[in-house]
C-alpha cells in the first residue's frame, strides 16, 4: 500500500460525523491563523490551522461528498499525493502543538484540535512522521520509554531520588489507593519533581505507590497520531494499575500524557473507566483546599514577580485552571501576577505536541517561544511556574537558548518547598 | 312552415348571447331559444384561490354592473367565515350599491332602451318652442328654453345632413312602430345626450370608496378606505362633500329628467303593457341590509319568491335549500358527475365544459340538444324572472310606502290596472320606480353615515378573521346581491384556506337560461312567445321586450330562415349602446 | 370622393373654431403632451394661451386629416373597457365619436346591426384597407377550435384575423386583449390569448389595465388620429406616455414607503394616516400604469389613494401574480407542506443512499 | 419573453424549484454528515457538557459578535471581524427584519412579525455590502486567506453578493427598470438558494454542530468557553 493510500484510509476512518460536521462548518475565514503562535511568530500562511487540516478536508470532500467527487473527477480538485503528505507532515509536526488555541477564536467554534489530531492519524498511518519523533516512538515501544528509561534505569533513578531527597517512594504496593505515574522527563530531567510529589503525598498521608510496570506516562504514540501505539502505551499504564488494584491514577506534570489518559483512553480501552484519573495539579488543589497539607503563606514572596504559565493540555484542555492560582495566592500573595492572556486563552509554550522532540523544528519552536518571552517580560516576572514538564523542558531549553535570567519551576516543587510539616 | 330566426350576438350580460326563434305563418313567435356563446370559466379559475381575492376575479364577470359580483363575492366569503362588518362599512357599501342602481338604470333607459321607443330622425320636424313648453310642464329641469332645443335639433340636423350618421346610421328610423310626436322625440334625444354626459358624474361614490370605476376595489370584512376627519387620505369632509354633491345631482336627474320622461313616453306605448310577460314567477335575494348582512327581515328589498303573479302568498326563499335552489345542465354545454339530468345545489355545483354544439362557423344550433354556455337555474324546479320588476313587486307586496305610492302614481298616470305591470312596459316602469326609491335611499344612507361618524362609529374594517389561520378547515358561504338586472348569488366552499368550489348564479342565467331537464324555457325564451312581429325583417318588437330585461347588450341580429338563408338585411333599432 | 377631414366634420356637426382648438388642447393633454397646460382649454383666444403653438400643430393635423376609421371588436371581455371609455374625460367619448373618429363597427356603439352592420364592417375593411384602427377588447380563446367564443357562429380568432388583415394598427384595450387577462388566469380553461400573441405581422399597441384607463385608450387613438403614428412603446408594446413609470413612482404614499411607514391592516392608524400599502400587498412597484398621475374620474382618486393596494392590473398575468394581499415580495407559489415534505424526503433518501455508500467506503477503509 | 414574464418565472416556478432544491439539498447534507457515524463518548466528564453547549451558543451568538475587540486576535486582523460583523449584521437584519423579506417568510410560514423602518434596514444593508467588500479585499490581500481560498470561496462570495447588491439597487430604483432589477434579484436569490447546499454557505446549519461540539468538549473538561 502506498503511503497516500494508507493516509487516505486513516483519514476515512477518522472522519465520523463529528469531524465531518466541523469541516462543513468552516467558512475559511482564516481567523484561526491569528490565534496560532507559529503563524504569529513566523508569518508563514501555511501555518494557519485551517491549512494544516487541508488534507483531511480534501480527503473528506473527495471521499464522501458528491461535489467533491465530481470536482476530483474533473481535475478541479487535486488528489492527495505522497509529496502532499510529506509537506503537511512538516506543517503538522514542526509547527503545531495541538494546543487548541485556534478553536477558542474560531467564530464557528470548530474544535480544530481534534481535526489536527485527525491529520496526525493519517500522516502516522502513511509513515510520514519526522524521524526524530519516530525514534522516540520506537524506543518507547521497545524500551518502555522514549528517553531510554529502561527498567533498570528507572530503578536506579528512583533509588537515587529517595536517597538524595530523603523521601519514601512506595513501589509496587498492592492495594494502595493511588498509583502515581511519572513521566520520564521528570525521572530523567526534573527528579526534584519526583521528590516533591512524594513528599507531598506522604505528608498528606496518602496510600500511594508507583508501579514498575506502569512506570512511564509519556505517550509518544499520541504525539505521533497512531491509535495503535497510543493504545499500547496506555494499556501499559492501565495494566500496572490493575495489577496493584489501585482506585485512582495520578498523572504527574506531563500534559499530553494527561490528555491521552484522562480524555481519550476510555474511548479506546474501556477498562480506563475502572480508575479515577486525575492530574497532580488537581490533587494538589484538593489537598491544599481540604487542609490535608498546610503551606507556609507567602513562602515565595519577596523574590521578584512570579507568574504562571497555563499549559494547553492541563489548563485549556484539562480544566485545572483555578487550582494553581489558589495555591499561588497562598504561596506568593504579593508577587504573583498573571500574564495576558491567560487561563484558557493562554499562549502555548511552543514545545508541546512532540515539537520539542523534533530537531528540525527548533527554529520555529524558538520563534514561537519569543511570544512567551514578550508575555513574561510584560509582566516583569523572573520566576515562571507551570504544571507541565514538557512546557518546563521547552522553557528551560529556551531560557538557555535565549540566555534569559528566569527561574523555571514546577508547581509541585513549590508546594513541597512550602510544606508545613 | 315555421321560420327559424337566428339572433346573434346578443350578449350575456355584457358579452355574447344568441337567440334563435321560430316564427309561425302569422309572424308570431312560437318558440325561442336563448344561448350564451362565450365562456371564460371564471368558476374554474377561482378554484384553489384565496377567498379574499375572489371578489376581484368575480367582479370581472361584468364591467357594466361592475360592483355586483364583488359584493356577492365578499358577502359569500363573509358568510362562510362568519365575519360581521362594521356599521360604517355597511353604510358605505349601501351607498355604492345605490349609486350602481342609479347609474346603471339611467344609462339603460337612455342609451340601451330609449331608442327602441324614440325615433332620432323624428325630432327633425319638432318645434323647439313647443318642446320647451312640454319640458316646462313636466319638470323644473333648467334646460328648457326654445333656444336650447333648437341647438339640439340643429346638431342632429347637421349630422343627418352630413350623410355621415356615424353611430346613428342605418337604424329603424321611420318604422311605423315609432309613435312619439316629434316634440317628445326631440326632448328624448336632448336628454339622451345630457344623460351621456351626466352619467360621468354619477360614478364618484365608486371612485372615492373604490379608487376607480369600472371595477372599484373591495375588501372582505369591510371597505378599504378608512374614515378620519383629520386625514388627507381618508374619508374626510372634502370627500363627503363630493359624495353629497354627486347624490344631489343623481336625485335631481332622476326627479327632473328620468321619471318625467318615462311618464311622457309611456302613454304612447300602452300596447306594451299587455305584451312580453313571460313567466309570472319572480325571485329576489333582497338588498340593502341594515347592519347584519344575513338579517333579511330588515332588508329594504325583501327576499322573496312570487309564483304565478300571486302577490298574496310571497315566500322567503332559502338559498341554502339543497332541494329547491338548483342548477340544471340538460341543455347546457356542461357535464356533471351525477348525470346531466340531475339538478345540483351551487355548493355541490360542477363546472366542466362539454361542448357538443356544431363546429364554427355554423348557422344554427341543435336546440333539441345542449345549446348554451348558460346553465339553467331553477327554484323548486320552476323558472324564475329576476330584475327590477321582481324587486318592485316584492316591495309593493310588502307594503313599502314609497314604492306603493310611486307604483300607484305611475299606474294612475297611465290609467292602467296593477296587472299591467306584468309586461314589457311594466319592467321598464319598475326600473324607473326603483331608481327613484334607491336614489332617495342613497341620500338617507348618506345622512346615516354622517350620523355614524358624528357618533364616533368610524370603523370600516373588521380584521378579526383576516388571517387564514383564523378560519375553519371547512366553510360554505352564500353571498347575495340584487344586481340592477336581478338576483345574483355566489356560493363558495372554502377548505383549508382555499376555495374548493365557487358557483355564480347570475341574473342573466335566470332570465336568459336555456331550457331545463323538463324542457321549461327561461324568462327570455318565455317572454318572446306570442309576440307578433309586424315585419319579421324589422323585429323592433323583439328588441323592446328583450331590452326591457336589461340584458345589457347591443345586438346585431342575424335573421336566418329555416334553411339557413338570409331573410333580410335588417338593421335593428337598438343603437348607441354606450353601456 | 375625397375623405372629409376632421375639421370639416367638426364644422358640420356645429363645432366652432374656438371649440375646435379647445378640443385640440384636450387631445394634447390626453396624449401626455404635458407641456400643454390646461390653460389652453380656458377659453382664452388661442394665441394668448401658453399651449398655443402645440395646439396649432394638433389643430392643423385635425384640419388636414380625414376622420380616422375605427373598427372595434369584442371577444372574451366584460365590456368594462368600453364602459370605461364612456367615462373618458379628455377627450370625452362624445367628442371622439362625433368629431374625431368614424367608428365603423362596434357591437355596442353602432346604430346599424345584424347583416347590415356586418356588411358595414366588410365595406369599411375594403374602403379603408390599410388605414383603419382595429380596437380589440377581450381575449381570444383558441382551445377546441374556438368554441368558447363565437359571434354570429364564427370564432373570435376567425373574426380577429379577418379584421386585422387590413388594419393600419391594432390597439388592444384592457388586459384581456393585451395579455389574455382574466380568461388566461390559471388554469386558462379556454386557452385565451392576447392579440399580440396571435397577430404578429402588424403593429399591436397594448393598453392594459382592468379596465384600461380610458384616457390611455382615447389618448392613443387620438395620437394616431393627429400624428398618423403610434406613440413610442415599451417592451410590452405599451405607449410610453401612459406606461412610462410605475404606479409606485408617482404614488402619493411613496414618501411613507421611503420612510418605512406602512399600514399593517385596513383601517388601522397607518391606513388612516395614508401610510404605504406595501405590506397589504400593493403591486405598485412593478406596475406600469398612469393611475397615480392621470387617476380616475377626472383625477378624483385611484385605488391606492382610496386605501386599497394596487392589484397590478396593467401587468401580464397579474391574476397569477401572487395573492392580492400578499406582499409584492412574496413568492408566487407557496410550496404545499406536501411538496416541502417530498423534497425533504428526496433529500433524505439521497442522503441515506450516499450514507450507505460512504459507510461501505469506511468499511473498505476507503482506499483509492 | 419580456421582463415581466422573467420576473414571474423567477418569483414563481424558479423560486419554487430553488426552494425545494435548497430543502432537499440541506437535508441531504445533514443526512450524509450525520450518517458518517457518531461514536459514543465514554469518557467521564469533569464539568457539565450541557452547560458548555449553552455557554458556547450564548457567547458565539450574543457576545463575541458584538464585542469582538475583547479577543486578542481582533487587533491582529480587525478587517475580518469588522467585515464579517457588518456583513452578518446587515444580512440578518435585511433578511429577517426587512419588510419585503418578512413578507416572504409570512407567505411561506403563514405568520409575520414586526420589521424595522426602511432607512435603518437600508443603512444596515449598505453596511452589509461594505462588509462583503471588506471581506473580499481581506481575502485578496491576506496571505492566509489567499492561500486557503479557491474558486469555491470566490463563487460563494459572488453568489451572496449578487442578491445583496441587486436588492439594494432594487429598493433604491437604481439601474434598469424595477422589474428588471427585481428579476435579477430573484434570479440571484434562487441561484444562491441552490448554491447553498452545494457550498460552504451552508455553514449556518453546521454552525450549530460545531458550536455544540465546541461547547460540549470544553464543558466536559470544565473549561470556560
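Note that the chains take the letters A, B, C and D in the order they are written out, and that residue 1 is the start of every chain.
What we mean here is this: contacts are C-beta pairs under 8 Å (C-beta built on N, C-alpha and C of every residue); 3 or more make two chains touch, one makes a residue touch a chain.
Since we're looking at a predicted model, the values are computed, not measured.
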Remark   = More contacting C-beta pairs: A-D or B-D? The answer is A-D
Key: Distance between chain centroids, defined by C-alpha means - chain A, chain D (Å)   = 37
Query = How big is the gap, in whole Å, between where the Cα atoms of chain A centre and where those of chain B centre?
reply = 94
Task = Please report how many Å separate the Cα centroid of chain B from that of chain D, as a whole number.
result = 59
Ask   = Using the average of all C-alpha atoms in each chain as its centre, how far is it in Å between chain C and chain D?
value = 42
Inquiry  = Counting only residues that touch at least two other chains, what does the list for chain A look like?
reply    = 15, 64
Multi-partner residues of chain D (at least 2 other chains) = 29, 32, 35-37
Request  = Mark out which residues of chain B touch at least two other chains, giving numbers and ranges.
outcome  = none
Query = Among the chains present, which pairs are found to touch?
reply = A-C, A-D, B-C, B-D, C-D
Residue ranges of chain C in contact with chain B within the complex = 4, 9, 12-14, 74-84, 86-87, 89, 92-94, 97-98, 102-103, 106-120, 138, 141, 144-155, 158, 181-183, 185-190, 192, 210-211, 252-253, 265-267, 271-274, 291, 296-298, 300-308, 311, 319, 323-325
Query = In the complex formed with chain D, which residues of chain A make contact?
reply = 15-22, 24-31, 33-35, 39-40, 43, 45-46, 48, 50-51, 54, 64-65, 67, 76, 103, 105-111, 114, 262-267, 270, 273, 315-319, 321, 341, 343-345
Key: Touching residues (chain side chain B, partner chain D) in the complex   = 467-469
Task = Would you pull the chain D residues touching chain B in the complex into a rising list?
result = 110-111
Ask   = Which residues, counting only chain A, touch chain C once they are in their complex?
value = 1, 4-5, 8-9, 11-13, 15, 63-64, 66
